[in-house]
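Chains: A, B, C and D, in written order; residue numbering restarts at 1 for each.
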Amino acid sequence: MWFASDNTSPAAPEVMAAVLRANQGHAASYGADAAMARVTERLREVFEAPDAAVYLVPTGTAANALALACLCPPWATIYCHRTAHVEEDECGAPEFYTGGAKLTLVDGSHGRIAAEALEAALGFTARAGVHNVQRGALSLTNATEAGTVYTPADVARLSGLARRHGLPVHMDGARFANALAFLGCTPAELTWRAGVDVLSFGGTKNGCMGVEAVILFDPARAWEFELRRKRGGHLFSKHRYLSAQMEGYLGDDLWRTLAGEANARARQLSQGLAALPGARLMHPTEANAVFAAWPRAGHRAARAAGAQYFLWPGHQSLEGAPDDLLSARLVCNWSTTEADVDAFLQTLHTGAPVAVR
Amino acid sequence: MWFASDNTSPAAPEVMAAVLRANQGHAASYGADAAMARVTERLREVFEAPDAAVYLVPTGTAANALALACLCPPWATIYCHRTAHVEEDECGAPEFYTGGAKLTLVDGSHGRIAAEALEAALGFTARAGVHNVQRGALSLTNATEAGTVYTPADVARLSGLARRHGLPVHMDGARFANALAFLGCTPAELTWRAGVDVLSFGGTKNGCMGVEAVILFDPARAWEFELRRKRGGHLFSKHRYLSAQMEGYLGDDLWRTLAGEANARARQLSQGLAALPGARLMHPTEANAVFAAWPRAGHRAARAAGAQYFLWPGHQSLEGAPDDLLSARLVCNWSTTEADVDAFLQTLHTGAPVAVR
Amino acid sequence: MWFASDNTSPAAPEVMAAVLRANQGHAASYGADAAMARVTERLREVFEAPDAAVYLVPTGTAANALALACLCPPWATIYCHRTAHVEEDECGAPEFYTGGAKLTLVDGSHGRIAAEALEAALGFTARAGVHNVQRGALSLTNATEAGTVYTPADVARLSGLARRHGLPVHMDGARFANALAFLGCTPAELTWRAGVDVLSFGGTKNGCMGVEAVILFDPARAWEFELRRKRGGHLFSKHRYLSAQMEGYLGDDLWRTLAGEANARARQLSQGLAALPGARLMHPTEANAVFAAWPRAGHRAARAAGAQYFLWPGHQSLEGAPDDLLSARLVCNWSTTEADVDAFLQTLHTGAPVAVR
Amino acid sequence: MWFASDNTSPAAPEVMAAVLRANQGHAASYGADAAMARVTERLREVFEAPDAAVYLVPTGTAANALALACLCPPWATIYCHRTAHVEEDECGAPEFYTGGAKLTLVDGSHGRIAAEALEAALGFTARAGVHNVQRGALSLTNATEAGTVYTPADVARLSGLARRHGLPVHMDGARFANALAFLGCTPAELTWRAGVDVLSFGGTKNGCMGVEAVILFDPARAWEFELRRKRGGHLFSKHRYLSAQMEGYLGDDLWRTLAGEANARARQLSQGLAALPGARLMHPTEANAVFAAWPRAGHRAARAAGAQYFLWPGHQSLEGAPDDLLSARLVCNWSTTEADVDAFLQTLHTGAPVAVR
């Protein structure tokens, strides 16, 4: 019962098979491997973006920070949600890679930036003159850190606000596949057609060992990206092992299939929790994470049964809730089984540990 | 006939097997996996350094830059050989990670810093006052970029000079295994016992997919290293795949065995080249790379036969050499076979392409 | 009627006289001038801090950013008020000089950090692990950007909270003299005795041309400060002209006298505004700035009379105020006269421009 | 007998008078003062560059580092002479302001970059790919650190080499006036007409208290410069005191007059030294500094007489010179008198201290 994070999951068999296949004889290094050319071609097709520049890096933090450094000068600020990964979970990587840019935290319910809040932040007059940092870039996380999703219309609206101030738009898509699986739209609709300039396209959390693609829909800053990647220590010499993971991940739309499975398990979990006496959902369950609060007794039973998940801030803000409630984040992944979820729910319902795995 | 770089080689079967074994079920992320604890323990044993802090990163550039950033403040300079990887092949990663430190280039034949040159550089009086950057750290590459090796005595002598100015010492050991295989000494003798504070311990070039260990013999700056690693985007969420590579690499002294094989192939190649009419060795062949010059006809035959290697500066400085000579770098790796080397040498000797692989 | 900023004021005659006296013959450069030794001695006496290290820089931004860079590593955050100069008016200088640290914005009424808000910010659990930036330093502005003042007890309380988390404390004292003039305490009581580690001691706004002292009560990082100052381009070769300004400023307690005069003018202005029909004070007037709102007609008259000041956010938040109110900031300085203030008030009262100067 | 540096000199009376005149009543801050508009206009006339952007900063280090940061990205290198101020005397300010660019040291006799050496450095093939830092900018110092001068033809030749690689050109003109006074050409001929993009135009060493102009002949990066200046803490609030210095300095061509006087004293000194038995000039004396070697006895006498100057590396390389020679740098400035020089020379000739001043 591992619900702590999707990054505790193993890699998918198809991805590992691709890595093993790549381990034959010698191969050109630093991204000149043949597999990388195929990955680029495939991602351009998937995104209907024949001119896009595509690069692989090993972590989501690297993908985000490198992308943002290409979009935002040191003397500017990045608008992001208060709970964005770039703010809360990267130890200042965006500040480091940009050379000291700021992050401006924007509010909005359920992990989504509210348009009015963004408008107010962009309108802050002190950004106009030489005395404060300038407006730099907008960064959207999709799926969000609250397990919700921006629709193409949401993205277009926020991007439009950014565009009015001349700002480029980055999308942190560590869970992009989960967002897409929920929405059923095309990758293009959710990105460049909605105003996104650069996408961090996640693989690690959804079936890979460690690989993320950065897709620059406008390739004008591609060479700058390459230099920043190298300078950041993220250009792999034996690049074929990144390419192979991504190739395996893209093959037969595996990425969409895996994300769909993770989302389905989250829905199952969410529905089960909603039916639990005294429990409340904190956010709508759209992608692969469930945020819910339930009585302490249930938590005790779950812990006793070996369930792994993080308590998460939130229950404090529930109106009219009994003191007994504790909120938690539960993340499903491609390898989570129906039985895992059932066992977890049964534990909560019966208050008794259920042995699994 | 792949002699372009050891990073064109595949991963060793034992390493891949360890990775596959690691791909079972869920595992704790960000370095909290059980395998990482075993790797730390094993490296402490190998280096007879029970207090050392050990971290894994995916590339040699990350290992070097992060290590140096912990040793050298932004307003100081790193003394390194003019041809060091940190100077020539990392697109300024040390400057980036340190926040703008300098590199002071020190000369010395065969890729080794000359003690007198280091002494002169350290003695440069402008380093004393507030007007210039201060003395920061010494970085030694072992094995060197010229395929040669510093002995423990060499390291101790240079470290001693650094120590007199209060400088810490970093060793870029991307090919540390090859140096050790040549010397036959213990890892401790070549590092902390000879005055090395931090070692970048390479795995990638010698049989892994992409993993390097950074070993801080003095753990005082371990937490700083962790923060810098995270901030640089080099903390893997699915860390188990780094741990597994390193565990496979360390098991049964595989790392030493593989390096010994690569070195043996380089010796074979070196001896064959020495016997080639008109050829000259540019540097002693001690580790797994051969630097030699030979007549153009041989190069043409080699290229026609599909041999891969880089022409390398050097022949210009050969005294009394005919204009016809061109120098090259040839790197062997753990998977290079005796037959590969024989075929290559035969091509040079006969001037005719020999079909291999 | 110049109320736009205290930095529109001229330098005091005593300061200019000192500069002229300094302009005799040759003098040692880079801070080795005899006057600098006297300045250090005098500031140590004034602050009862015989071991303090003292440095001069030309701007408040340089003083703050250099001080903070010595206190806060790149991977940490500086706690400051939401309206602090380091956040709003330095174009990211703290981020630049620290190498990419964050600023965490803390709320509190009337420009003063609220203890509970600081406690909550310091307690934010995400600061504990490797994934987010660490707790770095506390920066207090005294007098604040709202024209109010922290008492020694206020400073001690906030410093105490910081100290519990091991954080050092910086005070932005661009208007330190104004705070002291209001409080009547000793410089030591308002700084190191209340837990302040480093003070930016302003001269520019209060009668100098351009000089600020940075006082490190603990001299442990003095050499680091010197290197950072030089590296930032803030070490003056003809340093005597900085020393002379500061010496003139400190002589006969000129700095306290001038600040007392500026504060007195602000009180006069504040009392006059409080008596204006329909006007409201936004903040208590403690130092040399008045924040008030009054009807548009008065603003029109003031503008017509040539009064210079900035409209300032704030009236929006006044409860039950008529739409007609507009808030403004009015800053007095050492050279503001009673007649200036009277003329301004008369203009507002009569609604008719009054010719002055 | 102050020959240690031109920065030990006082400010010229005309400059101080201008500063005093500026100290009347209130004035707009942050560069919006009327005097700055006049300074910009005047420098555009002087340089025949009606579109140039002009900014003032207080130190030469700030001028150089800010200018270079606008020309050279973090992943590139600045080509400069081995003895350039940006390399030897700024504690890494260019590295700091650029965000970690390198400096590539180019040789050449008498402080001037040799064209062949620059060509070789620019041709270094490792600068082409992603693995090393890229070619960034050329920085020329005129007058040089060896007291010599680049002619317009020299500048054009070196700029042309840079231009072939697409590199912009910076000129460190801390002693630009001295170069111009020697050459007798126009400011335009020595700068933009010869391929210079940005000039650091020195005032401090030649009669000001502390002010340098940065002239961007192409104003495209003017706004970036303003943001970098503010972010570096170099935007003066009471900017009028910088403007006034520069206005006084430019008035009646004072800057050229003062430089001419300093150069004349250096010539006088140089000729006197050339006539001293056993003495040798190290470099041609073209600007206001003399580099010469003479017997120890003369140094002893000079020290005894209170003469101030720095011993300077150089005599070691004199062929056939007696061991007894010690080389030194002697810098004249606008306030050096004929009598000062005579007294110094007499001391050397007679071996006896001569009382002066």
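In the analysis below, a residue touches a chain if its C-beta (ideal position, glycine included) is under 8 Å from a C-beta of that chain, and two chains touch if they have at least 3 such contacts.
Quick caveat, the model's predicted, so the values are computed rather than measured.
Of all chains, the one whose mean C-alpha position sits at the greatest distance from that of subunit D is A. Across the two interfaces under comparison, B-C and A-C, the one joined by more C-beta contacts turns out to be A-C.
Taking each chain's centre as the mean of its C-alpha atoms, subunit A lies 35 Å from subunit B.
The centroid of the Cα atoms in subunit B and the matching centroid in subunit C are 52 Å apart.
Note: centroid distance subunit A to subunit C, computed from Cα atoms, is 42 Å. Of all residues in subunit A, those that touch two or more other chains are 30, 74-75, 90-92, 96, 99, 130-131, 227, 230-231, 235. Per the touch definition, subunit B reaches subunit C in the complex via residues 30, 73-75, 99, 130-131, 134, 224, 226-228, 230-231, 235. For subunit A in complex with subunit C, the residues that touch the partner chain are 74-75, 88-92, 95-96, 98-103, 126, 130-133. Here subunit D touches subunit C in the complex through residues 2, 4-5, 7-11, 16, 19-20, 23-30, 57-63, 65-66, 90-93, 96-97, 204-205, 209-210, 227, 230-238, 241, 308, 335, 357, going by the rule given at the top.
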